[in-house]
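Both complexes shown next keep chain A, but they swap its partner, so chain B is in the first and chain C is in the second.
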Partner chain A sequence: MSEIIEQNKGFSKEDEVILSPTQQIIIKFKNNKLAMFGFWLFTIIVTVVVVTHFYAEFTGYDFSATDPALKNLGPSWEHPFGTDKYGRNTFVRVLEGGWISLQVGFMSTIMAVTIGVTMGSIAGYFGGKIDSIIMRIVEVIYSFPFLAIAFTISAIFRDKPPQFRLFVIVGILGLISWTGLARIVRGQIMSLKEQEFILATKALGIKTRNQIIRHLIPNVLAMVVVSGTLTFANAILMEAFLSFLNLSVTEPIPTWGALLSKASQNSTSLRKFWWIWIFPGTMLFMFIMSINLIGEGLRDAIDPKAEITTKEQRKAAKERRKAEKQAAKEAKLASKGGV
Partner chain B sequence: MPNVLLETKGVKKYFPTGMKRNEKRNLKRLSLETVRIYKKDYPDTNPKLKEKELFNDIYNQFKEGKIFSDELNSVLVEYEALSNVHGDRLYVRANDGINLTIYDGETVGLVGESGCGKSTFGRTILKLYEPTEGEILFNGKNITDYSMNQMIPLRREMQIIFQDPYSSLNPRMTVGEIIGEALLEHGIFKSRNDEFENYVKEIMRTCGLDDYMIYRYPHEFSGGQRQRIGIARALALKPKFIVCDEAVSALDVSIQSQVINLLKDLQNKFGLSYLFISHDLAVVKHISDRIGVMYLGDMVEFTDKHRLYDNPLHPYTKALLSAIPETDLEKARSKKRIILEGDIPSNIIVPTGCKFHTRCPIAKPVCKLEIPEFREVEKGHFVACHFSGAEL
Partner chain C sequence: MGHKSGSKTFFEIITPYITYLAKRLISLIPVLFIITIVIYTLINLMPGDPIMAMLDPEKTTAMTIEERNQYVETMRAFMGYDKGIVARYFIWLRDTFFEGEFGYSIRFNKPVNLIIGDYIARSFKVNIIGFILAFLISIPIGITAAVKKNKLYDKFITVVTIVGISIPSFFLALLLILLFVVYLRLFPFSGMSDPKGVIPDWKYLVLPVTVIVLTSLASLVRYVRAAMIEVLKADYIRTARAKGLTEKIVIYRHAFQNALIPVVTLIGMYIPLLFGGSIVVEKIFAYPGMGYLLNEAYGYKDRAILQTALLFFGMLTLLGNIFIDIGYMVVDPRIREGKVK
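So, the complex of A and B:
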């Protein structure tokens, strides 16, 4: 009797593990190697940036303090990332530069995703006239030249304080980058609303608002997450680009783009003082890469149909591939020998 | 007599196709034929007249009331009928005026070929589709013009089980969410507390699903289990009336019987009424009290199940019933199989008169011209046929 119980262990209903949807998502995400790498990279960068920002805030670190004696020094223990041509510590400036990027990235992404998903789902669900109006608006915004607008608006608010200019940048980025997302969401929702489960929600007497929020949007969430991370990365790049053109937050507040721009102002500093541009550049690259990795991992984790590959499975697959390769090699050798 | 739960009066549902009717070619053919017959019947016509002018002349005379030979008359009648509808907007006539009464606690079966409008009817009476014409009365209230929001409180009392267990469940929601969503929406439970969860589990048990499945996603289930989720979702609101839109046709036979017996048990327990849509005659016979037979958007026969199976009056019903496979060899030998010629006609350009005349073995000229009335031949036995009960 006890043997039978032992045999059935792991196969009976009592042994089935009940996992809530959230737990399932977390497990899937954790089993994704690349996504976890991106996640840790992201966490480390964000933590360091935030800690530096508040450290600078509380200790009253002066970003405009210059020291001609420390001009253009290479990396050392005292100045890990070297110093710039005014003798300022690049290490602190690079870490502080991320603060602006983070703010711009988060705020404009939240803005773009909110507007994009709302507009896209309204257009897709209701169709007809509402759809036409929203899609025309999207097309108009889509055809705005981003740089020209950024130039103009930045010029208008040139005298305003840096924090205000930051919000202006966030506003421009958010208002311009929702259009692609709106199109994706609209297309998805148009095909989804013909499915029978939406008819079922009508039959159940679910309100239109909840039909969209609870049934349609979760089904496009994977798309939104991927698109959202791309928007996030794009917003940070755009901010860097604007700083590079001196259209974003101005001196003495550092941003990654502005640091790169400083370095590129003359070729001597580019060639000789590599530490001025290589550290902000690397930070920017790593941050954006980590965001994209997280996005990819989240998409797989949210999709209930996506499969999990655990560590053991990955190992097994690796060994299998190795064996196959070996077999192929041997077969090739054998055929050559035969000829 | 039990209460009338749901009544429909001449419900029509047309789906616009966005096209217009083009009969140019047919009209031309008919006009040429008219001229040919005319020349044959009246050899002393002016040979100089062009065909078009001659035809116009004949047609004008016909309109003024002149009577020609029978052959010519019939062609001209056809021409007139076609020229009247030429240029009309085209619709898919899914339901073409259906009258039906469903009493409290009974099961009405609805059978017919695929594409004859059974599912559309089931959805139209739940107001999932707006009816083009006609009236729907539920519990004595006329719900034809109710808006989406006005319908919401009524949804607690009328539900639907869908045919396709795959697309009718949201793939992003767990079973518990799917079943319990409407309960929260209608305010039967205020929040997702233990009481709510117990209620959902109880409903799941009633439908043959285990408790531990509550956090699973639909794609982790088999087709039969998914169908039971769909049934549980409909039952969770404790409705009075359920439309079973081919609820068992996606399941294999052993699961079919389970689900049907489940539906019957629930009917006894809660006093439900069903509109059971199916094309499986054996299943319909098992579950229904009264059965309606549909053909191309029309109800052709409606009566209680014993009378329908013992004494069908409409030729289509007879043909349909003769197609049921028989397990008794003696019976099978003596049984006459009625084979209908041709395919089901288009329900965009429907046949004139009785829609069944194109395939009916006993069709007479009158069938082509006059639409038969849906009338009560015996008490509780409705048939739409000019020659109801005639031998085939």
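So, the complex of A and C:
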């Protein structure tokens, strides 16, 4: 007893910091410069896109309105991203394209995550026949080339109105991209359900549904979030691919992919009207990059093995290393001088 | 690879692979069956009458209505559309799997068998060059980044690869076109060969290959790096170092051989892409490979080509998965001897 007291000497209550896993994740994420850069980039893009969309909505901005007098103007203060061949303001169109991407990304990710987690946890928990049926479904969906199948389904609904096509795209992406997540969740749950705490829930007579929802799923949530971020980035990329092939939401509603595809017809329009495609392309690239950076940061942050270091600690460590180097150098010099 | 294999005959070594391969191929049959149903349903849901699409306007305008109807009926019978939708499915299955006939293309007015081979070959040509280059470049970069983990070099590689996985291939392709075609005038814009024969054929390959290399490079480097980092943490690496082996031998002999396992899965994942090509890249460069063919076929609602191409992609993915499993068996003795599932 006295030994423990001896050990804890000089250790006050304030030194004892207990961090919840979530707090640890937040600290680690905040310390990651790249992830924070991605986070701010993402926030800025989303804010600008959402604000522009609702501004356009409230002022009744007409995306199909054309003005021949303003045809093919380069970037200026009035039209920061220039105008297209119908005299439409590319700036507003690029940001509205972002709104489409956001919608598709969010909705299809929510759909994919819901299906993936449900299927994965059912397969992992029950095993046996149910598991093999679900895994067969996963295998079938997995063996289709993503783009080709999205292409086919989208072609079926080619003649439907744009608003309807938006939901078609969301449906396609949601229904195809849950398989990877289901595999991850299944694997995790298979190993978790053998642990003692699940045995305890069984002994306590907790319902199977609650065992899964309350006790198993919270344990895989962190991985789901990371995987969901990547699904989100992928959904946006896929939407851009489809709209580049004119198979997503169609005119007059602008999308990033469609804006790019117009310029790619020939080398003259590529050079002459560069503002038509450079801006949406850059936006798309930055948006996907910001999501990937966040995903990367989250992946590092949920890794329990990674150390939690505060800024002060890192600074101290850097100083210490510097001092060590300096000392080594001096020692070397001294030994040389001695010889 | 193990110590025992020296005394085994070739037949003894190869047997587990063959039994495994046979088992996997049999288990594929139900999956393949479902895939054909899905493809067939999707293709038949596409709007538009394929017979009307293949009518030659020059021929039909001169005809009377009766003649025209007659003509449409004969065409319908020729394409097999006089039978029911279910019957046609089974005819398609029989023709494809037992007779090797993939149907008649309305886009080219030729049997699909005669055209599809060339397109596959052209896609393969571009992609095999691209992937070999990408693997050759990414493996050393991935290893060095893993060895120098958290150093400046590694951080630089991390940033570059994140940029690489985030840039959409069509945007990258357009940027490359702007730089190399429009400004530097080094390469032709699109196509496969010069009708006048002035520009050599290889120049047409440079940009598509570059796009393939750059877009796959980033994810490859990340895979190799992650795999190496995982392996370098293992105890036997510490043992190898403690034994006094040089860093070179530790990394390239001991660590890399084990980091190969995830790399093998990557090769399996790339098999479908290798023959299938990329719809977007081939469209931009108007390079007549499988992706380009698929894109064309959608425009013409050419069901025979669509069915064949989708089935081809699906089968390639399944074979890629088998390749991954066999690869695991070859690389990892624990899996080979059935100790780990």
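Basically, the second predicted complex is superposed on the first by the 261 of 339 C-alpha atoms of A that agree within 3 Å, B and C clash if a C-alpha of one lies under 4 Å from a C-alpha of the other, contacts with A are read in each partner's own complex, and residues count from 1 in each chain.
FYI, a residue touches a chain if its C-beta (ideal position, glycine included) is under 8 Å from a C-beta of that chain, and two chains touch if they have at least 3 such contacts.
Bear in mind the structure is a predicted one, so any value in this text is a computation, not a measurement.
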item: Chain B versus chain C as contact partner of A:A200, first or second or both or neither; value: first
item: Which superposed partner A:N219 touches (first chain B, second chain C, both, neither); value: first
item: Which superposed partner A:A316 touches (first chain B, second chain C, both, neither); value: neither
item: First (chain B), second (chain C), both or neither touched by A:T208; value: first
item: Partner chain(s) touched by A:S143 [first = chain B, second = chain C, both, neither]; value: second
item: First (chain B), second (chain C), both or neither touched by A:P304; value: first
item: More chain A residues in contact - chain B or chain C; value: C
item: Which of chain B and chain C A:E296 touches, first, second, both or neither; value: second
item: Contact footprint of chain C on chain A as seen in their complex; value: 34, 136, 139-140, 142-145, 147-149, 151-153, 155-156, 158-159, 233, 237, 240-241, 244-245, 257, 260-261, 263-264, 266-267, 270-271, 274, 277, 281, 284-285, 288-289, 292-293, 296
item: Complex contact set, residues of chain C against chain A; value: 30-31, 34-35, 38, 42-43, 45-47, 158-159, 162-163, 165-168, 170-171, 174-175, 177-178, 181-183, 189, 272, 276, 279-280, 283-284, 294-295, 298, 306, 309-310, 313-314, 317-318, 321
item: Parts of chain A lying in touch with chain B, wherever the complex brings them together; value: 13, 16, 18-21, 195-197, 199-208, 210, 214-215, 218-219, 221, 304-305
item: Touching residues on chain B, where the partner in the complex is chain A; value: 123, 126, 128, 148-149, 151-156, 159-160, 162, 164, 167-174, 181-182, 185-186, 210, 212, 214-215, 217, 219, 230, 233, 237
